[in-house]
């Protein structure tokens, strides 16, 4: 308990004072533990995802293990190229997953949401509908790359920038809430450990 | 054999195959493909897990270099890092419930993770201090919307004026919607174009520039 | 003014966050209707009534739900309402311990077995909740500590959902939905929610199926205000209020400074 | 082949005006639905062998269209009719920033963000885009003999980063200047943040570039970079971090810009042609939005039905 709080204070010394030896100590201790935890977790992942299936007779899992080991050719100049094969699978999976999610939820889904009319609308609902529709259209125009933002085209892109700022500002404000709550939680623990306020 | 395997096209073919599988599975309900792509995803997890060793080699190389060169006010920490890491790993692999590992996990790993996350509390504050200045119309809009949200979130805003939460709520539920939609939308467009470029081998970040 | 050393700001926010912990300020906060209804309901209850405290949230959610749990339990104990506790999370023993430590009346004023019981952990999701609604004794044979259910005088009065006067579901997921479907719609038992901020998505069910909903730390702070005993919720809300206020003040100062320097240049 | 029927049926009535809902009746057919994700998928006809999963049909069409657009743009570029790309100021600023680092004799710091610590997540493309930009930056650094530091917590990106840096130095004719120690790996997010803080404070880079799948580290690294007075260039497609990139960086790229930037720096019309394909897609969907809104307003929900296909 005490250790963790001393390490926390050491970390905050970087922010509140400057890069101190205490911060270095916290930093390196943290890295060492994380490395160790990562190794242990990786080992457990391998056991449950690869070794156990192999032990049960599913030998197909030898393939990814061999592929993974190919990564370690990296330091050797002549055979370095084989490390590209395991990467090909990783990158392929990542790109595929990213694309498929993007097209459905982020593109078609957004258009659908933008044109969905309010049900049983009040005048305010209509205003809100048109406001977000226009905000969507204008701010998208800001992201046109094959046309310089000049002349008539400057008007929608300018409004679009304002709309983007409105969105980003609200996001900024909202994030402050969570971050302050986190920090105040650490302050609370500090005060408790040092006996300044009682444990409830 | 190795000449064919060395070809960039072969690597791109594998990439495309894995990527295509993920996309196909998403749009079409064909059980065989669904099973196959689950297997490939598991492979990717295993390969990524094994890549951790590369990271460890990287860190060992960096820190042993520091130790060898006796880098000022660094090498002693490097010794500490490597020593602590080796001891902890051995213990952790043997028994994760053993006190040293358990203790380090709780009071160093978990505790410092949230400590570092909470650092953002400080930094977001000074970022707000710098960013929220009415330099232009854009910046002013950013401030107004940010402050309205602040006044909505803090109970004190409501106590100052009943209208703040209503305005803040409007910004949150309506005002920011169009902009957010755009950001989501264009990021997706860019990503897909980029993905196609990657799969075609036109992308420098992915073996575009190497032979 | 425009370029203050950042560390001054950091120290400022750090110290400001300390203040509410040393002395709860009880900064003004308006109590929402959805919180008030729960208070009013418990005010009408007494020693004859039984409330269910169902834990469906882990220790990781304490930061958000602990203040409201403690405040509501304090209120129940003050009204001498009988309390049955069970839950669906493996680490719930820690949560129960925390509540018992925070509300010492449970051990001093209350008698275990007669005034309150802790039935322990249950797996099974919606099926389990549905079964509990119709027959508690079929699911639980003994309490957490191994005492057979027949020997617990309080449990003799609790056979099904009909015997419970108020369900308090402490929720970080969808258990609230299970209780609404099987306890409220099925048996007519009032259901109230003590939840994390995300649980606002259930707000549309108020008041038809959900009699009250306490949201996150703010819900706890409001409830503390209602029962007139400020606690963790108030402190944390104070911390939020104070820090936000400081942020806003600093933004105003920064802008003033900016305008001044611009004028000087002109 | 029968995937689960929508198994949890509960009727609920929702009153739009009062925004109040209530449950009237409920039934459960099978408790296994709790664990299955299948309720989200509705099969149109269980007899068909190759089925488009309902609701995703139009998305598939859009994706195919994008491939077609890409092909057309590429062919146009090959004929020398490459579309003009507008300037991306953040990218133009890189040269100047590296120049400043040369004058001051301070290093350049580059990082790609947390990105779930793997290339195989949906954050992967952002990291690849970041590495694409890195190849440009590294080439500049090699040319002017400015040391470059790359911090990362993505273990499986290490081979790519190494190859990129090595290639950059080789292409500038200085393979011996490449220092493998300039790439530094830390496991997981928070140690990575710690290491970046340390690097910024101890080695005082003149330029701090953070481009990629950023998470909470954006504001921490951005402010720490500001503290040492580094020129900051940032970019991410993660919406939740964009405000902080804009707040802390001198030059910010948001959303699509980082993907475009990675092509933009090549100045190769074949590579940049894809950006035009993206613009065409945007144009098409914008038209669809306007058309859709008009038709919805006149009570013909054709477009919305099409999108839900």
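We just call them A, B, C and D in the order they show up, numbering each chain from 1.
One rule holds for everything that comes next: a residue touches a chain if its C-beta (ideal position, glycine included) is under 8 Å from a C-beta of that chain, and two chains touch if they have at least 3 such contacts.
Bear in mind the structure is a predicted one, so any value in this text is a computation, not a measurement.
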| item | value |
| --- | --- |
| Which of B-C and A-D has more C-beta contact pairs | A-D |
| Chain whose Cα mean lies nearest the overall Cα mean | A |
| Distance between chain centroids, defined by C-alpha means - subunit A, subunit D (Å) | 11 |
| Between subunit C and subunit D, centroid-to-centroid distance (C-alpha), Å | 39 |
| Distance between chain centroids, defined by C-alpha means - subunit B, subunit C (Å) | 32 |
| Distance between the centres, which are taken as Cα means, of subunit B and subunit A, whole angstrom | 4 |
| Residues of subunit D engaged with two or more neighbouring chains | 56, 59-60, 63, 66, 118-120, 125, 128, 156, 158-160, 163, 186-188, 190, 194, 223, 239, 242-244, 246-247, 254-257, 260, 275, 278, 281-282, 285 |
| Subunit B residues counted as touching two or more neighbouring chains | 23, 26-27, 41, 44-45, 47-48, 51-52, 54, 59, 112, 116-117, 119-126, 128, 130-131, 142-143, 147, 150, 153-154, 180, 183-187, 189, 191-192, 195, 198, 206-207 |
| Of all residues in subunit A, the ones touching two or more other chains | 11-12, 15, 24, 26-27, 30-31, 34-35, 37-38, 71, 74, 84, 87, 90-91, 93-95, 97-104, 107, 111, 114, 133, 136-137, 140, 143, 164, 168-169, 171-172, 175-177, 180, 183-185 |
| Residues of subunit C defined as touching subunit B within the complex | 6, 9-10, 13-14, 27-30, 218, 221, 237, 240-241, 244-245, 247-248, 250-251, 254-255, 258-259 |
| Residues of subunit B that touch subunit D when the two form their complex | 23, 26-31, 41, 44-45, 47-48, 51-52, 54-55, 58-59, 61-62, 65, 112-113, 116-117, 119-120, 123-124, 126-128, 130-131, 142, 180, 183-187, 189-198, 202-210 |
| Parts of subunit B lying in touch with subunit A, wherever the complex brings them together | 5-6, 11-12, 14-23, 26-27, 39-54, 56-57, 59, 73-74, 77-78, 80-85, 88-89, 92-93, 96, 101, 104-109, 111-112, 114-125, 128, 131, 137-139, 141-150, 153-154, 171-172, 174-189, 191-192, 195, 198-199, 206-207 |
| Of all residues in subunit A, those that touch subunit B in their complex | 1, 3-5, 7-8, 11-12, 15, 21, 24-40, 42-43, 45-46, 49-50, 60-61, 63-65, 67-69, 71-72, 74-75, 81-82, 84-104, 106-107, 110-111, 113-114, 128, 131-140, 142-143, 160-177, 179-180, 182-186 |
| Contacting residues of subunit D [partner subunit B, same complex] | 1, 3, 41, 43, 49-53, 56-57, 59-60, 63, 66-67, 70, 118-120, 125-136, 155-156, 158-160, 163-164, 167, 171, 180-181, 183-190, 193-194, 216, 219-220, 222-224, 226, 237, 239, 242-244, 246-248, 254-260, 262-263, 265-266, 270-271, 274-275, 277-278, 281-282, 285 |
